[in-house]
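Structures for review follow.
Shared between the two complexes below is subunit A, which has subunit B as its partner in the first and subunit C in the second.
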Partner chain A sequence: MPRLPSRLVAQASQRNPLLALVLRTCRDPTSAALELKWLRDYAVQHCVHTRGNWRPLLFRLCAARSRGYPLQYLLGSEFFGDLEIKCKPGVLIPRSETATAVTHFVNQFNPAAFNLPPRLRVLDLCTGTGCISLLFAHLFPKQRTPVKALQIVGVDIAPEAVQLAEENRRALLDQAAISSLQNLRYIQADLFPPEESQQTSVPSLIGRLEALGQLEWDVILSNPPYISPNGFNRDTSRSVRNFEPKLALVPMAANGLADADHGDVFYPRILEIADQVGGKVVLLEVADLDQAERVAAMALRYDWEGVEIWRDELFSHDDTKYIGRIRVLGTGHGRSVLCWRKAASSWLRRDGESNTTGVASG
Partner chain B sequence: MFYTPWICTRCLVRTTRRLGGRQLRWHSSAAPTLASTSTSKPIYPALLERARAISKEHASLSQQLAENFDTKTAKKAGELATVVDALKQWEAANDAYTELSTLIHDSKTDPELLALASDDLPSTTTALESATATLTQTLVPKHPFASFPCLIEIRPGAGGGEASIFAADLLRMYTAYCAAHNLRAQLVKRETADGVEDMITEAILEVETPGAYAVLRGEAGVHRVQRVPATETKGRTHTSSAAVMVLPSFPANDEAGELGFEDPGSDYYIDPKEVRLDVMRASGAGGQHVNKTESAVRLVHLPTNTVVFIQESRSQLRNREQAWQLLRARIAAQRREAREEELLKMRRGVVGVARIGRGDKIRTYNWQQQRITDHRSGLTVHGIEGVMAGGPNLEKIMQSVRVWLAEREMEDLIATESGK
Partner chain C sequence: MAFSLALHRLTARPWCLPYSPAFPLSFIRSFALSAAQGEKHLPPRIVIPESDLEENFLKGSGPGGIVIKCQATRSRDQNRKTARRVLAEKLEDIERGPESRSAIKAATKARKKASRAKKSRRKYRALDAAKLDGGDEAGTGEVDPPAAAEHNDHVLHPASADNAVRPAAAAPTGPGVECIATQCAA
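This part shows the complex of A and B:
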């Protein structure tokens, strides 16, 4: 992040010392002013302990923000699509790029795909706050497909995450009465089997699904930890590096892996799980176009019918390009990899165009 | 036909082409020369004619009803009744006024009676004026957007930092006014100059209560302030200004299809393909690497290069909705203004109505003299504090503008009618 000229900071602190504090973390005076306003609104609403005097609280909030403490932890939430998701330290803050991808994903479903199952079963692996499964459950019914009911399970290794995801589900159920949230539950499990696991105390996912008697799933969504150790030191912002859980960002792996391979650890495992549970569609978030290409190549090895890469901005399909046989949509950073089985190509309106998806003709 | 619905400006354009050279003159039905302080505001002869014709129709409808009742006729008669009542009151007030002024101007009036009559004159004049205003208002058709909520946009004009401070004062004034009159107001946007709280570069207040547009639309125009700015060291008075726009605010979606969001012929239609959406991109790698807090949204309407930028809410989706609402309101206003402009060009010289446009100053706030003057209605009220706090004098001056607007609209209507 570019450092702010000290002249700007000095000017700001003369006018408004709190603004100067916030400005140490924000990129420019305008966003600092906005953050200050949001913090002030929050302080005014939450000053019960100081009997209506919100200044001490605002001062503490600004001081924390000046050290790079995430705004979303201070305010307790982040907006994700049109949902407000609760955030707590120890659980990764949802990112807007993820919301864009999930929204775009739901929009792909064909309302006239009559081979969609009446009950669609969806796994959200590495669920964190639960944001992906919550937004999916919220948006999918609006797509008006032949699907009559959703069954969703979100999985995370961290107890804080599972608890917060459940809290979020309850809050949204109370507020908005989104009925599809009734068939959504969160469980604690490790994606890796005990012999590969770094955390042996948590039961492994396949075991838990077996115990639940639910080994068949249609859709697998996941935003797993994907940052490599070098990426963590080089590309993350101070606020992320110092205050968000590293467990959510950098895969735990045995020593001795090459840097990029270290960042990729979750993807072969998730593709393997998808195979085991009979998944028809997989949507994976990735760090950039390079990782997207590596993941797409893995998926092709797992014999998926179609593989596609999505970038951050998906406003129009005019920017479609190809990397080899793989279609790349949108502009901006490479962000997601979509894989589907033949059975699901009509679900996602990708059947009449097998030559453009490329893979089937190969 | 007596009740002309609000005429869309397209139709007006057509009818004014046929408009003859008839001039409208102010006409006072009372005796011509009076003490200058108590001249009653006159009434249009055409307006009176209209009211009398309505009254006649009402009488014949009542006759019909007495012989043969039917609900449709009854409803129509009911609608006309307000005009009939207003006309009766006006006639009574006018008679009293005429009588009084005849007495005063009659050299044979005995001095004691003259003194009594002169005492009565001011109250009689006021009564006639208010009767005239009421009559005018009952005759003017409702504005097509009168029942809508509205958006108030405030921007500093000439005068640098002082103008930004005045813009913030106006924002406070309207916020307080809304609070005092039970109008639900919500801040959509408040941009400060370098984060200095009491200096704004742009503010948008949404007044969500239905009908707010009718209440506030008279506030649109340039507001001028004369005072010694806080930043002025030599005690000199500065003149600066702020521009206020008032737009009807339309519902986010047009479920009933009334506004024609989907109809390419409508003012509110915007082809989504002609709008570019820009969102703040995270710097650097994005994704898990950063937890950005920017949620700003910019919409650009490409054909007109109209740009709206909203960053007020932490929710990008909410910002996007607000931006669309604003864009729709602005484009519709531009289209309407373009048509009105055309109409005005044609009518100027025919009617000779002085019109105050968007760029003209409409009101002056003078701090030293503690007075606020509206240049359209000509009304002056006192007490800056009270007005800036949204007090009763603000409503008084706003009401004078509503009456003024109703009169202008009456002129338009009469000009159009007489051309038929």
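This part shows the complex of A and C:
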């Protein structure tokens, strides 16, 4: 990481010594000033309740931020779409790119698709704070599809994640009275069967679903750990590397795998689960376009009717191109892979678009 | 969290119609009524079609046209809404000039402020006059000039005394950081 120009640090500390602290992590005066404003607002607000002095609190917050401690853990929340999601150390912070992808995904559903089931069953694997399932539950009813009810289950291996997701669900149910959140629940389970699992104490997902009496699911959403060990050391920021849970970032896998394969460990398993539960639509988050291509190729091997790659910015439809037979939408980093079965192509307004029949060959 | 919004083309805007020569008479008359009633007839907010907008999350270079950047809050959704509102206001200012919502609002605000200032001046001029009369009646003027001056200072400039109190009341929000907040908002 290049050294900050001393002129920048001097200017910041002249404006406010705390700004120089925050600048150490932000590295940009504009965002440092914004973060300091949010931290100050938080400190003042916090001290209104506790009747304490907000200045020492603000200093402690800025000092923590200067060491790279994530802003969202300090403030206790992050915005995800228009939901405010609680964040706690030990659970991955939701990212706005994920929210954009989930919003775009919900917008794909066709309000006139009468073959949509009256009760849509959705699995959110590796749910973390529960952000994806919460936003989906919040946005989906606004799409006014023939679906009458949602049944959503969020799954995570970490007990603190399951607990926080449930806390988030309750908080949003109380504040915003989003009624679709009533049919949402979170369970602790391991995606891998016991013989492949690295953490044998947690029951496996299929077993838990059997116990729930619900083995059939329509939509599978997932933002699994997808960073390879080299990527973790090389590409992640200090904030992420030192303070966010590695369990949520890098897959646990047996030694001896190639680096890229190590990052991809979850995807074949999720596609396998999707097969087992009769999933018709799968949306997977990925790290970049290379991983997106690898995951899309896996999905084609699992005989999905259509496979599509989405990049970060999906504002314009002029940016569509093809990599082999796979359609790539938007601009920016590769972000998600969408797969659908033939039965669901009309749900997503993708009738006649198929990767298997070669319609989209390019 | 931050992003920019640009208007890169203009389609026909139906909201221009109420301002065509076929102006309803009642609309014109309402301006002759009190300011409170006049405010009810602010021109409607304009809605820019999404298809005329180009949106970008702040990372690389921005597009051309009228560009609004907004990163005031932590919520990207909130920033998007704010940017749309600011862009609509800017566009309306350009299109309608002194007849835009913001111009009418600013004019109303300025008129009210002027009226308040006038009333305040009138009040303190009257108080001042009364005090001068009172001072004359006390009659000992030459004997104790400093006391009289002090007394006058206090009564003659209650506005300044009020100002002296205000920063102290605002202190809990911290002036040191305040300046950063205003710079961010700009």
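We adopt the following convention: the second predicted complex is superposed on the first by the 343 of 362 C-alpha atoms of A that agree within 3 Å, B and C clash if a C-alpha of one lies under 4 Å from a C-alpha of the other, contacts with A are read in each partner's own complex, and residues count from 1 in each chain.
Here is the rule we use: contacts are C-beta pairs under 8 Å (C-beta built on N, C-alpha and C of every residue); 3 or more make two chains touch, one makes a residue touch a chain.
All figures in this text were calculated on a predicted structure; none of them were measured in a lab.
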| item | value |
| --- | --- |
| Superposed partners subunit B and subunit C on subunit A - clash or fit | clash |
| Partner chain(s) touched by A:16 [first = subunit B, second = subunit C, both, neither] | both |
| Which of subunit B and subunit C A:215 touches, first, second, both or neither | neither |
| Residue contacts on subunit A - larger count, subunit B or subunit C | B |
| First, second, both or neither for A:312, with subunit B first and subunit C second | both |
| Touched partner set for A:96, first subunit B, second subunit C, both or neither | both |
| Touched partner set for A:63, first subunit B, second subunit C, both or neither | neither |
| Touching partner for A:55 - first (subunit B), second (subunit C), both, neither | second |
| First, second, both or neither for A:44, with subunit B first and subunit C second | second |
| Partner chain in contact with A:112 - subunit B first, subunit C second, else both or neither | neither |
| 5-13, 41-49, 77-85 or 221-229: stretch of subunit B that collides with subunit C | 5-13 |
| Subunit A residues contacted in one complex by subunit B, in the other by subunit C | 15-16, 19, 30-31, 33-34, 36-38, 75, 78-79, 81-82, 84, 96, 312-313, 315, 332 |
| Residues of subunit A that touch subunit C when the two form their complex | 15-16, 18-19, 30-31, 33-34, 36-38, 40, 44, 54-55, 58, 75, 78-79, 81-82, 84, 96, 99, 312-313, 315-316, 332 |
| Subunit A-facing residues of subunit B, complex | 190-192, 194-197, 277, 279, 281-295, 311-318 |
| In the complex with subunit B, residue positions of subunit A that touch it | 1, 11-12, 15-16, 19, 26-27, 29-38, 70-72, 75, 78-79, 81-82, 84, 92-93, 95-98, 223, 225-227, 231, 235-237, 239-240, 244, 248-249, 285-288, 312-313, 315, 332-333, 335 |
| Partner subunit A, residues of subunit C touching it in the complex | 1, 54-57, 59, 71-78, 172-174, 176-177, 179-181, 183-184 |
